[in-house]
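Per-chain residue numbering starts at 1, and chain names A, B and C are given in the order in which the chains are listed.
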Amino acid sequence: MTALLEAQGLTVGYGAAPVLHDVDLTVAQGSITAVLGANGAGKTTLLRTLSGLLRPAAGRVVLEGQDLRGVRVEQMVRRGVAHVPEGRGVVTELTVDENLRLGGLWRRDRADTKRALDEVYGLFEPLARRRRFPGHQLSGGERQMLALGRALVGRPRLLLLDEPSLGLAPRVTAQIMALLRTLRDGTGLTVLLVEQNVRGALSVADTGVVMSLGRVVANADAAALRDDEDMRHAYLGF
Amino acid sequence: MSVTLAPKVDAGPRQAKQPGQRRHLLWTVAAAVLILVLSYLLPPFRNYQLATVGAYLCVTAGLTVLTGLNGQLSLGHGALMAAGAYTVALVQEKLAGRGQWTLLVAVLAAIVVATAAGAVVGLAAARLRGPYLAGLTLAVAVLVPAIASTFDKTFNSDQGLSVYVDPPPVALGAAFPYERWQAWLAWIGALLTVLLLATLVSGRFGRALRAVRDDEAAARLAGVNVARTQVLAFVVSAACAGLGGALFAVLAQSVSPGAFPLSLSLFLVMAIVIGGLGSLAGAIWGAVLLVALPALAHSVTDSIDVSPAVAQRLEGNLPLALFGITLIVVMLAAPGGIASLRPRRRKA
Amino acid sequence: MDRFVFLTFDGLSRGAVYAAFALALVLIWRATRIVNFAQGAMAVATAYVGYSVSAATGSYWLGFVVAVLGGLVLGAATERVVMRFVDHSSHLNGVVVALGLVLVIQGVLGMIYGNEFRPAEAPFSREAFTVGGIALLSPFDLFVFGAVFIVVVLLAVLFTRTSVGLRMRASAFAPDVSRLLGVNVGGMLTLGWALAAAVGSLAGMLVLPTELGLHPNAMDIVFVSSFTAAVVGGLDSAVGAVAGGLIVGLLLSYVSGYLGATVAPIAVLLLLVVVLLGRPGGLFSRSAARAV
């Protein structure tokens, strides 16, 4: 197993109660890792630190052996890291097509970007039907597709997803999870997934990381986590 | 953080009002004594400058209440000063020579007119926020020459009017320096203004002002009549500006549109920002700055060897450039920006 | 009737300038939520430079180009050196800093060039053509229309059809998300300011020949009129800026023509008050624009 991304001793936030405390995490290439935990556990902060929106007070983030210290947020896409933030970040004033194209503007290879765009339209049929619709006219599920598609246009190697199932119907959530599995199997995409929907996340994840109050309290095989009753009761609520 | 945030006035509960008022009175008396002494020690030109500081103080104190304590940015107070100044000129023209009391009448009239103008602008402004308010008041400021030109028979358009002022009362002695009299006049006005404002601001009104500035929705929930507070703040500051403008007219013995350009309104904003928003003590610093910087510019241009034409250009414009740079630097350097100009949160 | 026609065309010509200037204001507002109160002073500064170049080289057009390019540079510099460092927690900080800029620019211009009115020649005749005895437009008016029309079209194409325009819009609407997508948001902001200032400089060069002359304060009333135009159209709306500009131009023209030139600025103030109190969002806005 090669590690695509590693967090080493990440501490974020200041003073007596940092938001993240000494977090270690390894994301294996071609795997789906679920980050779970209650509200306030620090999951979103972790993602934002990994993608460079936040600077750690201590520790470091390593991508394929390269320390990401000092790398600006705008550079992360160029290194193959795509972050779909909390709330999806669909730019509601822009159309579906414009949102998708936005995901590929940083690329030099125009031809391949066009191909990626077509692939995304092929993947998400509802988006193809609503190319010219402005973002604010889309439903929750469609917006999730749009955010995901926009990230995929850049052909990332690592996808950071913050609560993709938030506000979505169970059926749509299942579709998204299935899609992630397909992408992992088909293209070797690595996914780091923050989720409140524990069952859904663990159903597709290879590894589960449980956080509580800014620390990692469990890091195990997803199957093992599903089966460990004590762990489930204590941290995952079922 | 900007220099001083909290007003250096007593803002305690009602029971403590009496000691607070007494303290204000003590400070005012002490200041009056200081000014009195100074006016005897200073040479004539410095007395004139002292008088100018007093006139400016009326305006900066009022503007501090409006912008610092209440969060409304006005770019039009120069126009309100002009309203006061022109009123004094016109009233004195009518009443000229009948005695010292005419000046009091004229100044009171100036305050009334400026207050009325302030009420009109304030009513419009009460519903505006941020750049909209700034833009509206900017329009008012820019329009002074246009108004003077439109009613040019009354206002004598660009040439302006001269202001008749009686010489100092005979009782003071035949050799009483005119500039000392000017300083006295200006500072009677200034000290009364500051005392009144300090009293107003230390009580419920001041708390309401600050509450609205900090969080409009919360203030509304706490029972503060937001719109009325806004308008009152404007009216109070307009009255002060009117008084300041009136005093200026008396000091300069003339009024013209050229004395109230847009840059005057901008200078006033700069003065209270740098002096320290939200503090009446800061208003004093601002007033001093408004007199000291041009004087500094003047001595700079005097000391370098240039032709009179160039010197005139420098002298008129160097203060603008200096003021502007100071304003920018202060705004950028203060980490919280104008902390007292926090955006008021709208009702949800 | 003749007079009305003439005033209408004259008003539209002035209105085109206000439209361009208002567009510059709206551009910056949409990107940064700041009203660039220094826009007028910046335009005057570049106009001074432009006319100096014209005087030195004998070519009006060289000066014109220099003025517009100067706007690009000045806008970019202002954003990079000053506006970038403004604390945006209070919306008024940007206003006060811009006012500081106004003071600096007007002070420096006064020191270098003095406060007398300088002639600002027009590149074309300002005598109106007559058609059937009715005075219509002058060659200069046609030039103004043409220039503003080209600018508006170019900007529209830039923003809606190019990837740079897409980046700029995304940076304005959602800066953090855009960063995550690899957009150089800071750079787009600088570009926005540069373009806006260039448009402002163009508007300045178009309006100054019709004013009393070149003077550090020459654009103050133009700023107020254009701000009114932008408010009338809705600060969020580019289309509104153009419409607002034409409306203000017509209003000023009719008031000047029928009531006298000195009353015109007062009419602008009244319009501003009416719009701010009545329909603060402007005619074309999509959201409650009065709340900042």
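Going forward, contacts are C-beta pairs under 8 Å (C-beta built on N, C-alpha and C of every residue); 3 or more make two chains touch, one makes a residue touch a chain.
Owing to the predicted nature of the structure, the values given are computational and were not obtained by experimental measurement.
By number of C-beta pairs in contact, B-C leads when A-C and B-C are compared.
Among the chains, the centre nearest to the mean of all shown protein C-alpha atoms is found for C.
The distance from the centre of subunit A to the centre of subunit B, each centre being the mean of the chain's C-alpha atoms, comes to 57 Å. The centroid of the Cα atoms in subunit A and the matching centroid in subunit C are 44 Å apart. A straight line joining the Cα centres of subunit B and subunit C is 31 Å long.
For subunit C in complex with subunit A, the touching residues are 163, 166-167, 169-170, 173-174, 176-185.
Residues 34-35, 37, 82, 85-87, 89-93, 95-97, 99-111, 114-115, 216-217, 220-221, 223-224, 227-228, 231, 260, 262-266, 268-269, 272-273, 276-277, 280, 290-292 of subunit C are the ones that touch subunit B when the two sit in their complex.
Against subunit C, the residues of subunit B that register as touching in their complex are 73, 75, 124, 127-132, 134-136, 138-140, 142-143, 146-147, 149-150, 152, 261-263, 266-267, 269-270, 273, 309, 313-314, 316-328, 331-332, 334-339, 341-343, 346.
Interface residues of subunit A facing subunit C in the complex, by the touch rule stated above, are 51, 53, 73-78, 82-83, 85, 89, 91-94, 98, 101-103, 105-106, 150, 154.
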